[in-house]
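The following block contains the structure, expressed as C-alpha cells.
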C-alpha cells in the first residue's frame, strides 16, 4: 500500500515564510482536507506536494522515496487542479480533455475516456462545443473531467468547488468517494463544506492534523 | 427613492440566446440574489446591469431613465465585482484601493477611505504589501475593499464569496446589511449560502422572482 | 480633468515601479538599429545613406512593440472593465493612458536617437531635424498605435496582428519623418514635411482617442 | 516518443484552428521588409545592396515576435503547469512545441523570402543561397528564441524584454546568414558560412530545449 | 434570434432575383469592353499597344477605392444601427476589394515597366495604394482573429472607419504631390480629357467591373447568411 508523506516542510514565498515544520502522511484510500484562513498557505502546500514549488527545506516522499528524485514519475502519479482551468478556447470540450488523457494513456482510448468523464460531470451534451463558449462553472467541470479521464492515484485539488453549482458539487463528492474506494488518495483545500467519509483535517493555523469520522469538513 | 429595473431583457452571447424576456425591479434598500445552475446566465445578467454588455433588446432603467443614455452617470452610481480582482501586482494594497477611490471622490480623502475599507475586511495589516504577494482570498478582499472606499448606491457582486474564508464572508454580510440600511441596493450571484435580510431571489432557470423573508438564500 | 490626472499619475507610477520595462523599449530601439551594421556591412557611406531611414523604422517597431501592452494588462486583470465603469469619460481615460505611454517611452527614444545617428555615421547637420521630426512624429505613432492596441484586445496572436494593423498607418509618418531629415542633409527646406507631420498630429489627437475608446468598449463586452 | 507526437499534433491543431495566425507572422515579415523602401528611399541599387541584410533582419524580428507567445498562452491558462506535471520529460515537451512553431511559422517565412527579394531588387543569383541559409538559420532562431520566451514568462512587458534577451544571440545567425548570400552574389564560395550555420543548429538542438525547460520550471514556481 | 435574421431572409429573396441579371450584364459588358478595348480601339501614339493595360488597370483601381468606401459606409451603418446585413456586406466586400487592389497594383506594375522603365517606384499614389492593400488584409485578419465572430465584426468595423482616411489620399495624391503617375483624366471637375474611342471601352469595362462586384457580393452575402444560420442551428443543437 502506497504512502505519501511530508516531513518538516518549510515553504518560503516572496521572502516570507508561509509555514514551517509541517508534517503530514497519507495512505491509500485516505483524504486530507486543508483548512485555514486566507493566506495561510493552502495553495502553497498543494503546489509543494505536486512538485511545482520546491520546499525551502524538508522532504516529501512517496513510499519512502523522495519525490524530487524523479519528478516525471511523481507527475505521472498525480492530478493537480489549480485556480486556472487550462481550457483551450478553440478546441472542443472533448478535444481538450482527451489531449490530457492521451499524455498519460498513450493516446489509446483517450477519446472514449474523455466522453465518459464529461458525462460523469453532466456536460456530456457540450462535448463538441468550443471551449470559448463556456461559463465559469462549465470550464471548471471540464477541468475536473480531465482528472477522471486518466487514472492517477493522488489527486491534489485546490478549492475545486469554486464556481460549481450544488448538483455538480454532489457529483464531485461521489467521484472522490469512488476514487478512494479504489485506493486513491486526495488532498483538498476548501472553504466550503464538502461531504467526505473519514478524512484528516490539516489546519494551517497551527499545523495540527485531526482525524475526522463521518462528519462535515471544516 | 430610487428604483433600478429591467424590462423584457434579452441577452445574446456568442450568437446564442442566454435568456430572454427577463424582468426585475429593485428599490432602495433592496437585494436581489441570482441563482441558477452553471451557465444559466448569472454573470451575463450582472454585466448587462452594469452596462458592460448591451442587451440584444429590452431596457434597463434607473428612476425611469434609460441607463444606456448616459453610461458615465450609470457607471458612477454602481460598483461591480467580477471574476477578476483588478489588483496591480506592483502597487501596494492601499495604493490599489485608493486609486479606485480617487476616480470617484476626486482624489481628496481617498487614502484614508482606502485604509478604513481595508480594515473593515481584516487586511489593514497588509496595507503596504505589494499586490503580487497576495493569496487568492486576500486579493478578493482587496477587491471588496474597493467598493467600500467610495460610496455608490448600487452594488453588483458576481460570486463575491469565492475564495473567502468564513470570517470574511460574515464581514461581507455585515457590510451588505449596513449598505442596505443606508438605502443602497445590491445584486448578488451566488452558489453558496449567504445570510441576508428580506431579499428577492431571481431564478435564472425560469426567470421567476420570489420574495424571501429572513431565511437563507438559494 | 482631475480624472485625467489621476490616471496619468497612476500609469506613470506603474511604469516607474516596473522599472526596467521602459528602459527596455529604448534598448530594443538601440538593438534594432545596431543590428543593421551587422546586416548590411559596416561601410560608412552606405550606413550614412540609410541612417535616417533605419532610425525611423526602428522607432516605428519599438513604438509598436511597446504599445501592444498599452491596454493588455488592464484588460487581463479586469482593471479595464472597472475603468470603463468609472464616472470619467472613456475617451479621457484613453488619452491619459496614451500620454503616460508617450512620456515613458516616446521621450527616452528621442533622447537616444542622436547617439544612434552618430553610430550610423549620419551627417551631423540632420541631427536637430531628426529630433524635431521625432518630437512631432512619435506622439502620432502613440495615438495611432493606441487604436490598434484597443482593437486587438482579446484576439489570438496579439502582437503580430497589431503589426499588421498599424504599420500601414505608420507609413506616412515614416515617409515624412525621413524625408524631413534627408531634405535638411541634402540642403533643402523641410518646412512642408514638418507641416504635414504637425497636421497628422492635429488630426490624430481628437480622432484616435475616440476610435480607441470605441475599440475598448467593444472589447470588454 | 508518443508524448512528443501528442504535443506536436495538438500544437499544430491549435495553430490550424486559429487559422489566420500563422499567416500573420508572414505578413509581418512582408510588412517589415516593405517598410524599408519607405525609409531609405526607392533607389534600386541601394535597395539591392542592403536586400539580404534587410530580409534577414526582418526574419529575425518576425521570428522574435511570433516566439513571444510560444509558452505565453499555455502559461496564462494554466496548461503549462499541467504539462510540467505530466509524465513526459519537460525537455521533450519543449522540443515538440518548438518543432510545431517552426513548421507553422518558419516554413512560410522561407517561402515568402524570394518574393521580397524580388521586391528589393536583389540579385537573382543569391536566391537559392538565401533560401538555403534561411532553412539552416530559422530553426536556430526558433530554438534560441524559445529560451528567451521561457525566461520572460510571468514578466510584464514580455515582448520587449524578450527582444532584449535574444536579439544579441541572434546576431551570429544574422551575420553568417547574410554573408552567405552576399558571398554568392559577389561570386565567392559560401561553404564556410553554411557550415557555421549548421554548427549553430547542431549546438542549439540539444542545448536550447534543456535551457528552455529550466526556464519554464522556474517560471511556474 | 429570429429578429436578427428577419431582414436577411427578405434580402435572400431579392438576391436570388437580381443575381442572374448581374451575371449576364457582367458577361456582356466585359465582352463588349474587351472587344472594343483590345481589338477595335487604336493604340496610343505615345504608349503603343501597352495602353491596353489601361482597360483593366483603371477600372480595377476605381473599384479598389469604391469597395473600400462601400465597406466604410456599411461598417458605419453596422456600428450605429446594428444592422446585421451591413456587417455581412462589409465582411463580404473585403476579399473582393483586396483582389481589385491587387489587380490594380499588378497591372500598374506591368504597365510601369514599359512606361517608366521600372516595375515599382515609391511615389505617393503607388504607396497609398499599397497601404490600401494592407488595410484590406488587416481588416480580413482582424475580422477573423476572435473566437467570437461578432467581436471580430465590431473591431474590424472600427478599423475600416479609421483607415478610410487613406482613400482621399489615394485620390488626390497626384494633385498634392507631383509624381510619376498621371493625374485624373476621366473623373474630374471639367469633364473627361480623353478621346472617345478610348473612353467608351474604358467606361464599359468600368460598368462591367461594377456588375461583377455586385454579382460576387451577392453570392458571398448569401453564403455568409447561410453559414451564420448553420452555425446557429449547430449551437442550438449542442446547447439544447
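A few comments on the model shown:
As written, the chain order gives the labels A, B, C, D and E, with residue 1 at the start of each chain.
Everything below uses one rule, namely that contacts are C-beta pairs under 8 Å (C-beta built on N, C-alpha and C of every residue); 3 or more make two chains touch, one makes a residue touch a chain.
Treat the numbers as computed from the prediction; the structure is a model and nothing was measured.
Common partners of subunit A and subunit C, by the touch rule above, are B, D, E. Set against the C-alpha centre of subunit C, every other chain centre is closer than that of A.
Rounded to whole angstrom, the centroid-to-centroid distance between subunit D and subunit E, based on C-alpha atoms, equals 35 Å. Between the CA-based centres of subunit C and subunit E the separation comes to 32 Å, rounded to the whole angstrom. The residues of subunit B that reach two or more other chains are 14, 16, 83, listed in rising order. Multi-chain contact residues of subunit D (touching two or more other chains): 18, 21, 24, 27, 31, 38, 41, 76, 156.
The residues of subunit E that reach two or more other chains are 127, 134, 137, 141, 145, 147-148, 235, 239, listed in rising order. Pairs of chains that satisfy the touch definition comprise A-B, A-D, A-E, B-C, B-E, C-D, C-E, D-E. Those residues of subunit C whose C-beta lies close enough to touch subunit B in the complex are 2-3, 5-7, 10, 13-14, 17-18, 76-79, 81-89, 220-221.
Taken together, the subunit A residues at the contact with subunit D in this complex read 50-54, 72-73, 75-76, 78, 80, 82-88, 90-91, 95, 99-100, 102-104, 106-107.
For subunit D in complex with subunit C, the touching residues are 18, 21, 24-25, 27-28, 31-32, 35-36, 38-41, 46, 49-50, 52-54, 56-57, 60-62, 65-66, 68-69, 73, 76, 156-161, 163-164, 167-168, 171, 174-175, 178, 182. The part of subunit A that touches subunit E in the complex is made up of residues 89-90, 125-130, 132-133.
Residue ranges on subunit E touching subunit B, taken from their complex, read 1, 3-4, 148-150, 228, 231-232, 235-236, 239.
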